[in-house]
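First chain A sits with chain B, and in the next complex the same chain sits with chain C.
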Partner chain A sequence: MVIARNLEAMLQASSIAFLPKEKLNDFVGLLTEEFLLYGPVQKKTEFVFEKIENAAQLALDYHTTLLPPKKVLHQPFETLFSFSEGEGAVDDVSHVEEKQLLFGVHPCDVHAISILDEVYSHEYEDPYYMAKRRGTLVVALNCSTPGDDCFCSSLGTGPDLKDGYDLLLTDLGDNYLVETGSKAGQELVEMARLYSAPRVTLVEKEKRLSDARKKFKKRMITDGLHDLLEENFRHPVWEELMKKCLACGSCTMVCPTCFCYNVVDKIDLGLRSGKRQREWDSCMLLEYAQVAMGHNFRKDRDARIKQRLYHKLAYYEPQFGTLGCVGCGRCIHTCVKKIDITEIIGRIRGE
Partner chain B sequence: MHNPFKPQQAKIVDMKRETADTTTYTFEFLDEEVKENFCFTPGQFNMLTIFGIGEAPISISSDPAKSKYFQHTIRHVGNVTNAMVKLKVGDKLGIRGAYGTGWNINLLKNKNVLIVAGGIGLAPLRPVILQLAGQRGEFDRVEILYGARTPGEMLFTDEYQTWRSKGLDVLPTVDNVPDTEEWKHSVGVVTGLFDEMQSMPENTVVLTCGPEVMMQFVVKDLLERHFQPHQIYVSLERRMNCGVKKCGKCQIGPKFVCKDGPVFAYAELLTLPESVLGGVGK
Partner chain C sequence: MTAKPKIAVYKMSSCAGCQLEILNLEHVLLDVINAVDLSYFVMARRDSEPGPYQIGLVEGAVTCGEEIEKLKQARKECETLVALGSCACYGGLPSIKNWTPQRVVESRVYENPAAIHSTTAYGIDYYVAVDAYLKGCPINKEELVEFIKSALLGAKPYLRPHSVCVECKLYENVCVAVSEDIPCMGPVTTAGCGALCPANHKACDGCRGPADDTNAKSLAQTFKEHGLNPGDIKRKFHKFAGMTPEFDKGADIL
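So, the complex of A and B:
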């Protein structure tokens, strides 16, 4: 019954088209004329989002990239403004709307961008993020082969996508199925003169995704997660993690929903002008919660470990109405001590 | 688009040395429109910029009724505040704000008010003290307990007489008295004054600000004296790089201290998984 309803909903969805794989090059060529294009590129055994000039550079069968595409919108280093003696803050650099396109973004990362959209527009708009975001289209790509550390299927953030995209691609073998999620996406389909696909193709798409759903090796049960964490703030697992974790901050650097930053002033050699810059920061680092005169509100490592985990899984929801984890598995993949967020939750649940 | 991160230029119009390491600066914004529109509630803070050094959150220490000329009382102990030592009247710096919640004066009407401050913690409380003095008839007993390390480190000492003349009780104490200084009042930590004070839990609201460890003992001792967590308001210090819920630094549980605080009812803090002020009463 549920399946039948889903199918009905799918069949009523907006227009769908085919992008034959042999036409991918032309399609990407068209996009690069209009947009600064970022897509997944292979670097030895890993993948990264990089500027793309042609389709040959793309590695669309990629597993999760080292850094999420967040880095294009919330840059690791970003100038807020410059300043000069006597004039104060000048040269507002925030309002440039770049026309850019993120190509081949996996559902987990699209969800993460939707979460960051909320973070950066909530109460006070962040003009730097929002200007870039407004000029950015997202061409998403459903996942057919989840990675070893992926657990998006537990969180409802993958392997398929319901919204948050301008175009959504699904690999059907010889073709990509192209679904439109916005007016801008529809314009791309028309510009590229893609052939419309028969509705029955959605059945093929669903089959591939249900195959993908069977391939997950990790899971995280989210039922009652908030209460579970609140009740287990003193669980022995935290002390064990304190001894294991190096507090290097890698997990936060690769996280697609981490948004914390530090602010530094960089002075020019003449000492009369400079720029204010923000840089990604991490709640896992010792200095993060330190104030003047040296007092540190999270001096102990377990306090910092808990801050990361609780923020993702318990605090994000009251703040922004969503879990702060999208199950991309990057924090697991990158941790030199093999600390695994799904194992921690499983452990607390007594699994 | 409005840029909340860009400081406005402000000029120092007056300076007063309070103690060996603390100065009160009076500012005005250079831009007439910014100056006209600026307003704040007691307990709020601004982000102060020394270009090239950085930015720091500092509470406003002056009367909210006179917002065109506002004051910050600054202890020179951090990067930005140390750089401010060299500033003179007429010098400019960057300011943006005001941010955060304040002490809610409406909650104090027809109540007894007990203010407990330690060291520089009197600065964020001064705006509400000036409001209480200005609208004295609307509140019942107002008692101010203030502790500093030595007599020479007490802030706003020339104002206590005015506060008293408006009907506020001021009870000062110091941790110790150096041989070179004179002192006729209590000696000991500020919680020692709880035995001398008139304030009782009934119909009383407590406002406290000071070093973390002081507030911890203030809350602990007051809870032992049957004050309830919802009666006690604390002003928290946290690291902040933005003031507008973006940099993430000031978070405690789901709270952003820069927006949901810095003033919190202690009862609210007790609901958070992470312990605040040592988690006394949890």
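So, the complex of A and C:
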């Protein structure tokens, strides 16, 4: 019944097309003529988003990447402007819109980009992020095999995607089903002259996603999460985590919705010129909440652990209308101590 | 511009690798010399200019009475005194001898230990006040340049206080601990090296000493769970900064 209802909704959706896998290389080739293309590639035992030139580099069967594709829009290190004595601040390349395309982005990461879009345009527009974002198209890829640490199905951010993409691919074996989510996406389909697919293909797509939904090993119940966390600020789990957590900051560095950064000036040796740079920062680090005269608002490790989790799961929603977690599982995978956000919530719920 | 600030480079018990890094700054060395006067630098110049100096860079651990005197003199003649490298910061590699009885250690190395007047190896702040710490074995030379620039500007230098993990993530290295199950000191070790070892597929050795809010005990527990024996765990934490209370907690796993 569920499938039938979804199908009805999908039948009203925009046009759908086929991208045969043997044509993937041609399609990617076409995209590289127009765009700077980023896609998932293998790096030793893991995957990373990198600039690609042809389809052979792509590893579209990836589970997750070390850093989210966020890194293309909100870079780990980014020069904001340069300056010199006499000339003052000189606007740098950061405002320049580059035509770029993120290829093969999973639904969780597309959701995360939508969240960042909101964060960086909510009250004060971040010109560096927005310039890059405006020039960026997203070709998403529905998940057919979730990884061990994934729990997007609990948060409604995967394994399938409803919006936030220009094109959406679903692996159907010999073909990718291609759905269009924007005018720019439609233009790509026309440019590549992809054959339109019969509507019945959506049934096949739904079957694959339905199979994928059964494969999740982790879940997080989100009902009443805000109140649950507010009521459990003194739960014993926090002290246990304080003893366990290494405070290394990895969980936040790999998070697709973390947006904090630090700003540093890099002065040249002559002391007459330099550049202002920003780089990712993290609330898990002791220095983060340190202010003048050395006072620190979150000196204790458990205070920082709570800040991370409460920000994602309690504070985000009133401000941005969505949870700050998309269930990508990166924070679990990257943790040396295997601290698991889904287990923490389960524990507080008394599961 | 006023006269260039004078810098002195002192050597205690060390391999001289940290001060060699100053010369290894080849690509900017002329700019450095343009900005500061390396007035006392035995490795690099034939003659020395007398103090006082604006900045003193002290390399090496303090391991004998003569060095204590030399260090106190350095403190007197320098406005800003910097511990250059992990030996000067924590005792460094020389401090591994501190965990074995003095006579046993000395007889392993010297034929006639009677001539040796060695003491427990300490970082320089055991004896004198220290204004800044440039960690590492050896130091990161870019961090040294950053420090010199900040000193010239009178600004607080940005020396990364957090874990090596942060830099591994910034450069998107494959985590040797998580992805390859290699015991890595990165989560408890101060960054600033650009995660040099993990980037080259080697576990972090902990050479830069404890990071902010280090939880060595928890990492030692993980090492143990992954099959490292207590002796190896102890050696990992004692190698460069065993004299720090933070790393000593990791070594105390037994």
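In this text, the second predicted complex is superposed on the first by the 343 of 351 C-alpha atoms of A that agree within 3 Å, B and C clash if a C-alpha of one lies under 4 Å from a C-alpha of the other, contacts with A are read in each partner's own complex, and residues count from 1 in each chain.
As a convention for this text, a contact is a pair of C-beta atoms (placed from the backbone, for glycine too) under 8 Å apart; a residue touches a chain by one contact, two chains touch by 3 or more.
The structure presented is a predicted model; accordingly, all values stated were derived computationally and were not measured.
Looking at the shared chain after the overlay, A:A56 reaches neither chain B nor chain C. In the overlay built on the shared chain, the residue A:G249 is in contact with chain C alone; chain B does not reach it. Judged by the touch definition given at the top, the superposed model places A:F233 against chain B, while chain C stays out of reach.
Once the two complexes are overlaid on the shared chain, A:Y261 sits against chain B while remaining clear of chain C. In the superposition on chain A, contact of A:L271 is made with both chain B and chain C. Applying the stated contact rule after C-alpha superposition, one finds that A:G88 touches chain B and leaves chain C untouched. Between chain B and chain C, more residues of chain A are touched by B. In the superposed model, A:E46 makes contact with chain C only, not with chain B.
Contact with chain C, but none with chain B, is seen for A:L66 once the two complexes are overlaid on the shared chain. The interface of chain A with chain B overlaps its interface with chain C at residues 264, 267, 271.
Against chain A, in their complex, chain C makes its touches with residues 28, 31-32, 34-35, 145, 149, 152-153, 158, 161-163, 165-166, 168-172, 174-175, 177-180, 184, 186-188, 211-215, 217-219, 222. Touching chain A in their complex are the following residues of chain B: 1-9, 49, 51-56, 77-79, 81, 92, 94, 212, 237-239, 241-242, 244-249, 251, 253-254, 256, 259, 273-274. On the chain A side of its complex with chain B, the touching residues are 80-81, 83-86, 88-89, 92, 94-95, 119-120, 122-128, 130-131, 229-230, 233, 259-265, 267, 271, 274, 276, 278, 281, 283, 288-293, 295, 297, 303, 306-307, 310-311, 314-319.
Note for the complex: chain A touches chain C at residues 43-46, 48, 66-67, 71, 76-77, 243-250, 253-254, 264, 267, 269-271, 279-280, 282, 285-287, 301, 333-337.
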